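When the chains are written out, they are named A, B, C and D in that same order, and each has its own residue count from 1.
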Amino acid sequence: MSKITIPLGPQHPALKEPGNFMLVLEGEQIVGATVRLGYNHRGIEKACEDRSFIQDLYLIERVCGICSHSHTTCFCMATEDAAKIEVPRRAQAIRVLVGELERVHSHLLWLGVAGHEIGFDTLFMYSWRDREQVLDCLEMISGNRVHYALNTIGGVRRDITLEQKAEILKRMDILEERTKYYIQLATQEPTVLARAKGVGHLPTEEAKKRGAVGPTARASNLPFDVRKDDPYLLYDELDFKVITSDSCDVFGRLVVRVFELLESFKLIRQVLNDLPEGPISVKVPRKLPAGEGVGHYEAPRGEDIHYVRTNGTEKPDRVKVRAPTLANFSSIAYMLEGGYLADAPIVIAAIDPCFSCTDRAISIRTSTEGEYSLSWEDLRKLGIEFYRSQGIDFSRVAK
Amino acid sequence: MVRPAKMLKELIGSLCTEPITVRYPYQKLRMPPKYRGRIACKADLCVGCRLCVRDCPSDAIQILPLPGEKYQFSYRSLLEGKKVNVQIEKPGRKKFKAVIDLGKCLFCAQCAESCPRKALLETEDYELAALTKDRLIRTYEGDGKTEQ
Amino acid sequence: MTEGRTEEAIKEKLEVRFGTNLSNWTIQRKGRMYVELPREALVEVVQFAKEELGFDHLSTITGLDAGEHLELIYHLFAKGMLLNLRTKLPLSDPKVKTIIQLFPGAEPYERELEDMLGATVEGLPPGRHYPLPEDFPPGQHPLRKSWKVSDAYPEEV
Amino acid sequence: MVSETLKASFSLLVFPGLLFLSSFGMFSEWLDRKLYARMQYRVGPPWFQPFADFVKLMGKEVIIPEAADEALFKILPSFAGAAVCTSILMIPVWGPSSVYSFQGDLIAVIYLLTIPTVSFFLGGWSSTSPYAAIGSLRVLTQLFAYEVPLLMAVLGPAILSGTWSITGISAFFASHPALLPVNLIGLVVSLVALQGKLERVPFDIPHGETEIVGGAFTEYSGRLLAFFLLAMDMEMVVGAALISAVFLGGAMGLPGFLGFLLFVLKSIMIIFILSAMRALMARIRIDQMISFCWKILAPLSLLQVLINLIVKGTI
């Protein structure tokens, strides 16, 4: 049978972000896969170098739209290490709380996306409906739904009140019940099992060799979790389990994420019931002393690492961001090969990719020679002309 | 343990309840207190330190001095033999206006935090879409109620 | 892997094996240590750390332009410990040997060093650019301190 | 002769043909979408949404790939629609009998209903895009999987009633309603196969959007796409009508308008089952689909034929 090469991306309904996978097909079977990234390089690392630390916080937050708190916490921890700043315990607890709420939101989002990739839109709608609960919590704490802007160097910007605490605990009970339902669903619905079991196999040694992180690694029976292995904030005082699965496939990744939700609820309750008293931030000078620091954080997608070097001015000398997806990339090509085309979207989605975080960092490109750009007016004119040629006149419709 | 049609009960339940969707333009969303919506400015309180401008991650805010109030009087000059108008600025604090470009704003409210006089506020206003870019630029003078 | 492993023990083991090659030890806090080594010894030290000391996860490679030289920092991770190996490359000859035979996952990090900082990683198989586009002006490396957006896109500024 | 031609064109173009079928098809698309949405806690579209979509697509620019065979590319959508319109003539809609009825029209309808599928395949194949090529290959592969169980499932009632005409079958069941439950397995098999024919979840493999974008329709746009989608809607009505006539006794002998009402009611019921099926499951892979059809559906329909042979022998 002749081979067909199918491009998956950079624009494709399965991928919500730009990444390119060239799949060589023999019938339905994938015999070769190449991964190409770099479509969304935004120059964040370079941009950080000529902004002040406070401005960088909000820039770093925009590395990722889902794990915004992970990146800022990681950046703050690296900067605080470099400048030898001690963060109050209450601030650390609030960081843990928001980090876990974010993990719940991210995992529920993933569950929905995974459902959509295997054509199970009902699961998608249900899990996103439930995700609103946790988004409401985050909105209540921080005032924003996605980019919480809660971290600042030396602490957090907003405190948790008693009413908020009660409200969050109430919503966590609802979510826990829903999560248990999803566990049943994932392990009992035959079509989900048919699409998840044995798909995208990644054996333990291969995961270790290719440096897989996060739920991808844990589903390959590799108990690697920064929260346990390199405890930061208050994690060494909190009680939680590292969830692993030995099935090494998409089903394992699904199970690991859903059970991690339960662990997160446990953590959220622990933090809220035992919130340390005290200030929520310390005063930090604008100019930080010279030094360097590494932030190490378990984002919902896996290990996130930031390196910050300060040079005594109010701007950093170098900020390096390594988002979790990049570490999982060499595993994708391995998992795709030998699989079916129909499984490609779910295999890619199973690492919960976030290409824009991965690429982070250069500038906007505008018109180059040979291309042209259209202004709003030009577009409108073009549209009116087209419809006029079809016999409909839109020219009197208001702008 | 495999159970086909696992969700059937839930589906029927969903058919019998109201949709979860908020029918937005007809039904407004309720924002929690301290929601970070449009940033407003009580320009009366502004002392023109421009800390907000310095901290804004996206250059969305500008603080511009307002021409102060003036005493105006005129007298007939004996030397030139004609009427001369004289303006003298009233003594007192200088006034400022804030120009905030909502197209650039990130709604992080760092400016509200940086402001030593708490002149900048977070509001619960979230319906900020506009058809043209220039309508996204809001100017605040006086007590913050007036805007363009 | 070994629970009783301390920063000092690792320092001692590395010093016994590589002696004077290593300099500028910093133990910043629990689980964070920095050490500087010449680039010739890099592959050997990484291999030793991976095989003998249990640092089996490469978190990332940071590259930065420190003025007169490029500085690379290899962040190796083992349970509870982040070992940061620092090596300096002169700007006139920014060459370093690849470590993808030890950590296959290091390929994108090394490509990034080539693209963004203009280091030459010897032994990296030919491949596409990452993360810069294929038509990016050659010889320009955005993370060098001297680089400006106008160098690559003059029409934008 | 002239009146005969007039009658034929009226039934082909107005009732129960194109005009009725397309409006009822759009209604059932809306119903399907609304039910699907309500099962997911959503609001769903307003009643005129399918019509608005159709009008919008009619106004859009038609883009034909350069490498495609233009004539074939353009003719296929009307081909698909025409085949569906013809097939409704042999299914009773108004009252207990259809417009044209003859021995063997059951087989004719089943074959007329494969024409849209074949035209989807040809349309995708002639548009020479990799997504469309994969999609149309899947259309054809899937056709071989569900067609046999569907045919064997409708064979059961035909054997039981001893006639090959749809009108005859529904008349037989109208007079022997006690025999309806005998065909339960066949009904289930044919509902599942119909889901496959209409390319809906869990069998929407030919245009699984997360895998191959639009499948066979990837390169279709504007008017041509509108007609393809309309043909799909009409196919849903014809499929539901076929099942209601063959397995549920059609109009149950009720004359004229009452029979028509019963037809609408039964179609709505079948559409409800189809939407529930769509909401309940994930899309399966093409290899899983084929093994499911051949290993489970086909033996089940054989069992149905066997049961009906035994029942036929006893009555």
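The definition used in the following text is that contacts are C-beta pairs under 8 Å (C-beta built on N, C-alpha and C of every residue); 3 or more make two chains touch, one makes a residue touch a chain.
In this text, all values refer to a predicted model and were calculated from it rather than measured experimentally.
*Asks:* Which pair, A-C or B-D, has more C-beta contacts?
*Replies:* A-C
*Asks:* Can you compute the centre-to-centre distance for chain C and chain D, using the mean CA position of each chain? Integer Å is fine.
*Replies:* Whole-Å distance between the two chain centres: 62.
*Asks:* So the centre of each chain is just the mean of its C-alpha atoms; given that, what is the distance between chain A and chain C in Å?
*Replies:* For chain A versus chain C, the centre distance works out to 25 Å.
*Asks:* Please compute the C-alpha centroid of chain B, do the same for chain D, then give the distance between them in whole Å.
*Replies:* 57
*Asks:* How big is the gap, in whole Å, between where the Cα atoms of chain B centre and where those of chain C centre?
*Replies:* 46
*Asks:* Listing for chain A: what residues touch at least two other chains?
*Replies:* Within chain A, the residues that touch at least two other chains are 122, 126, 129, 189.
*Asks:* Which parts of chain C, given as residue numbers and ranges, touch two or more other chains?
*Replies:* Touching at least two other chains: none.
*Asks:* By residue number and range, which residues of chain B touch two or more other chains?
*Replies:* 6-7, 11, 20, in rising order.
*Asks:* So, with touch as defined above, which chain pairs make the list?
*Replies:* Those chain pairs satisfying the definition are A-B, A-C, A-D, B-D.
*Asks:* Mind listing the chain B positions that touch chain D in their complex?
*Replies:* Chain B reaches chain D through residues 5-8, 11, 14-15, 17, 19-21, 23.
*Asks:* Which part of chain A faces chain B closely enough to touch in the complex?
*Replies:* 51-52, 54-59, 61-62, 122, 126, 129, 132, 136, 139-140, 142-144, 147, 149, 157-158, 181, 184-185, 187-190, 193, 399
*Asks:* Where on chain A does chain D make contact in their complex?
*Replies:* 4-7, 12-14, 25, 27-28, 115-123, 125-126, 129, 189, 191-192, 194-195, 340-345, 386-387, 390, 392
*Asks:* Under the definition above, what is the set of chain D residues touching chain A in their complex?
*Replies:* Answer in residue numbers: 39-42, 59, 61, 130-131, 133-134, 137, 201-202, 204-205, 208-213, 279-288.
*Asks:* Where on chain B is chain A touching in the complex?
*Replies:* 1-4, 6-7, 10-11, 20, 31-32, 34-36, 54-58, 106-110, 113-114, 122, 131
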